[in-house]
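Single-structure report; data block below.
Order of writing sets the chain letters: A, B, C and D. Residues in each chain are counted from 1.
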Amino acid sequence: MTLGMRVSGGVAVLLWVLGMAAGLTLAPPEEHMSDLVRIMFVHVPVAWAAMATFTVALVASVGWLATHRWGWDHLLDASLEVGVLLGVLLSVQGSVWGYPTWGTWWTWDPRLTSVAVMVLSFLGILALRAFVDEPEKRASWSAAASILAWGSVPFTYFCVKVMNSLHQKQTPWGAMHPDMLKALLLNTATITLLTVWMLMARYQLARTELRRELGT
Amino acid sequence: MMGVVTEPWPFVWSAYGATVVLIGGYLVSLWVRSRSTGGGDEQA
Amino acid sequence: MKEVVRQCSLVVRKELLHLWRGKARLVATGAFAFANLVVFSFAGGLHGEAMRTNAAGFLWVGILLASTLALGESFRVEVQNQALEAMVLLPVHPAAIFYGKAIGNFVLLSLVGAVMVPCSIVLFDAVPVGGLGRLFLTIPFGAAAISAPGTMHAALSCRARSRDVLLPLLLFPLVVPGLVAAVQATQLCFLGDAMGEYGSWLTVLAAYCVVQWGLGGLLFSHIVEE
Amino acid sequence: MAPPAIATAGAGRRFIGRWAVRGVTLAVPQGAFLLVYGPNGAGKTTLLRLMGSALAPNEGTVSLFGGEAAPARSRVALLTHADGHYDELSGRENLEQAKALGGLRGSVDEVLVRVGLHLRARDPVRQYSAGMRKRLAFARLLLKEPELALFDEPYAALDEEGHTVVDALFQELHARGTTVVVSTHQVARVSALCTHHAELCAGQLVAFGPGAPARSRQGVRAAGSLGEPSAEGP
């Protein structure tokens, strides 16, 4: 990994940790919601980052199918892996959030299940990539599968939107305590920055691996 | 107080902990994999 | 465009000929679906009212599990002697091949689904209060929701390694939105549709089918080209 | 001057990290009879599949009749070891399906007689022997009446009588002006007819020119390296 990447990585991680620290300490607990709301400071940014990453996978898939340039395939490889990571994290956070509110670690709440379905769809594509040896076939097939699987992203967003409006006493963004809003925006920025860095690092890894595979 | 459980902090910590563990673990795996494929000092 | 439709109808004719010629495959798929229902009926440890509420879910999961059998088989035939490549070189439009095979699988799954309806009525003693006609109307919609993505992923996984693992792994998460709509609609047929939601669930299911059948046609050429 | 039936410029095809064929540049005029020969694993099958647009090149270009390879598929027929039949259907049904799907000009009965399968046309293909499956593949190719016909190991799995059928068929295709490309180890059977020859070794085109291959060079190269043949591309 180049020096530039290492330094930028360190900065991104540092900011990310600071953001979380802010989420844990600075923002005052809301009067009728307990400190539990602090989970939101990591949950919402990760949700946004995961869906954005899967959308990058969609763009990369269309890019590869249109131009057959390897850069798109590397981006697809990176965004699938980072997306699944964020998706798994999202599910874990969701169930941790769920326990105090519903008394169970997992329940048929559309938000939880739709995230799990989204993650499983793209996890399947990672498995597909592992089981196909031909680089061109692997790229085209996983691109086609990613385009099909992307449908789960709006489906998840729709479930979250509908369910939040039904259950959550979540205060709309405006009325939220300014400190809480600041903490949330800070965390969103740092998680997004970290996600972009992870995508770049994984992109370079994919490029190196393909060079080794093709022996060029 | 909402929800079943009164003491929220263990859950806040476990959510943050899970975040650090998963993302941290992935960062380490990226680091290890980039070193093992000889990408260590290759100027990209 | 007319050429694609002509070729597609010929592929469908071949699929149905294969279906008829290989009746054993149809019976095996049906038997497998029925076996699923039987297992659900006692594995669930439910009875009476609880069984009826889950009847729709069991029915569709049974059909979905059986569909992997049929979908895998429909492409084993193509990949075995590289008949798929022979068709592409004939030349046949990839979209015609996709829609032909997807319609073939759709017919098979609809047949299996139709046979499973009376079975589930008996096994789960779920008398369709919401109307038998509606129940039989939901079956083809659900079969269409499974056959399009199923045909796509069967074409992919049949040529990758360990294809038996890959097809369900790729197909099941993808089919969830369509399946949820199908199960909800079917449940209304079984338990009665007080608030008249059947129409809205059916439109969700239809929308899902339109997206899958449309995307499949567009993407299939990228899967068959070497 | 009619464009060459096949024109490749630096064509190459890679399977994962290994180049099965690389840097092949040749031009085959229409109506020619090209003999492709070389040791196992030389890339003959891959080259023929490139010419038949079954494979897209990773490097360079392959153009048929002066244009892109894929659009010319209706004028090209490729016979490879994978025969593309449906085992459950009968010989006749396989041909009728191909004829209807591709809008092919030939007559099913006539081609069945030509390849000597008219007595077994009703039986499902899964009961056919390897030789009969090969004959059915020939029948499908004839049905298409292609302008360019590519044969990969046409004599493989055929009996003596089958060989004579293939020889007669090559005569007729060549006489009719069809461009024929044959990849075979039985060079003697075809060298009388061939107007061009191409020798492949380890993915490289080592010889290409008019006329039959020079007897001496062709014999030595083929028998030379009996080392473990590198795995031929799929």
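To be clear about the criterion, contacts are C-beta pairs under 8 Å (C-beta built on N, C-alpha and C of every residue); 3 or more make two chains touch, one makes a residue touch a chain.
Remember, predicted model here, so these are calculated numbers, not experimental data.
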Pair joined by more contacting C-beta pairs (A-D or A-B): A-B
Identity of the most central chain, Cα criterion: C
Rounded Å distance, subunit A centre to subunit D centre (Cα mean): 50
Computed distance of Cα centres, subunit B from subunit A, in Å: 13
Intercentroid distance (Cα basis), subunit C paired with subunit A, Å: 31
Cα-centroid distance, subunit B relative to subunit D, in whole angstrom: 56
Overlap residues in subunit A, where contacts from two or more other chains coincide: 133
Per-residue overlap in subunit D, given as positions that touch at least 2 other chains: none
Pairwise chain contacts, counting only pairs that touch as defined: A-B, A-C, A-D, C-D
Partner subunit D, residues of subunit C touching it in the complex: 7, 10-11, 14, 17-18, 21-22, 77, 80-83, 85-87, 89-92, 225-226
For the subunit B and subunit A complex, residues of the former touching the latter: 1-5, 8-9, 11-12, 14-16, 18-20, 22-23, 26-27, 30-31, 33-35, 37-40, 42-44
Contact set on subunit C toward subunit A in their complex: 149, 152-153, 156-157, 159-162, 165-166, 169-170, 172-174, 176-177, 211-212, 215-216, 219, 222-223, 225
Interface residues, subunit D side, partner subunit A - complex: 14-17, 58
Subunit A residues touching subunit D - in the complex, by the definition given at the top: 133-136, 213-215
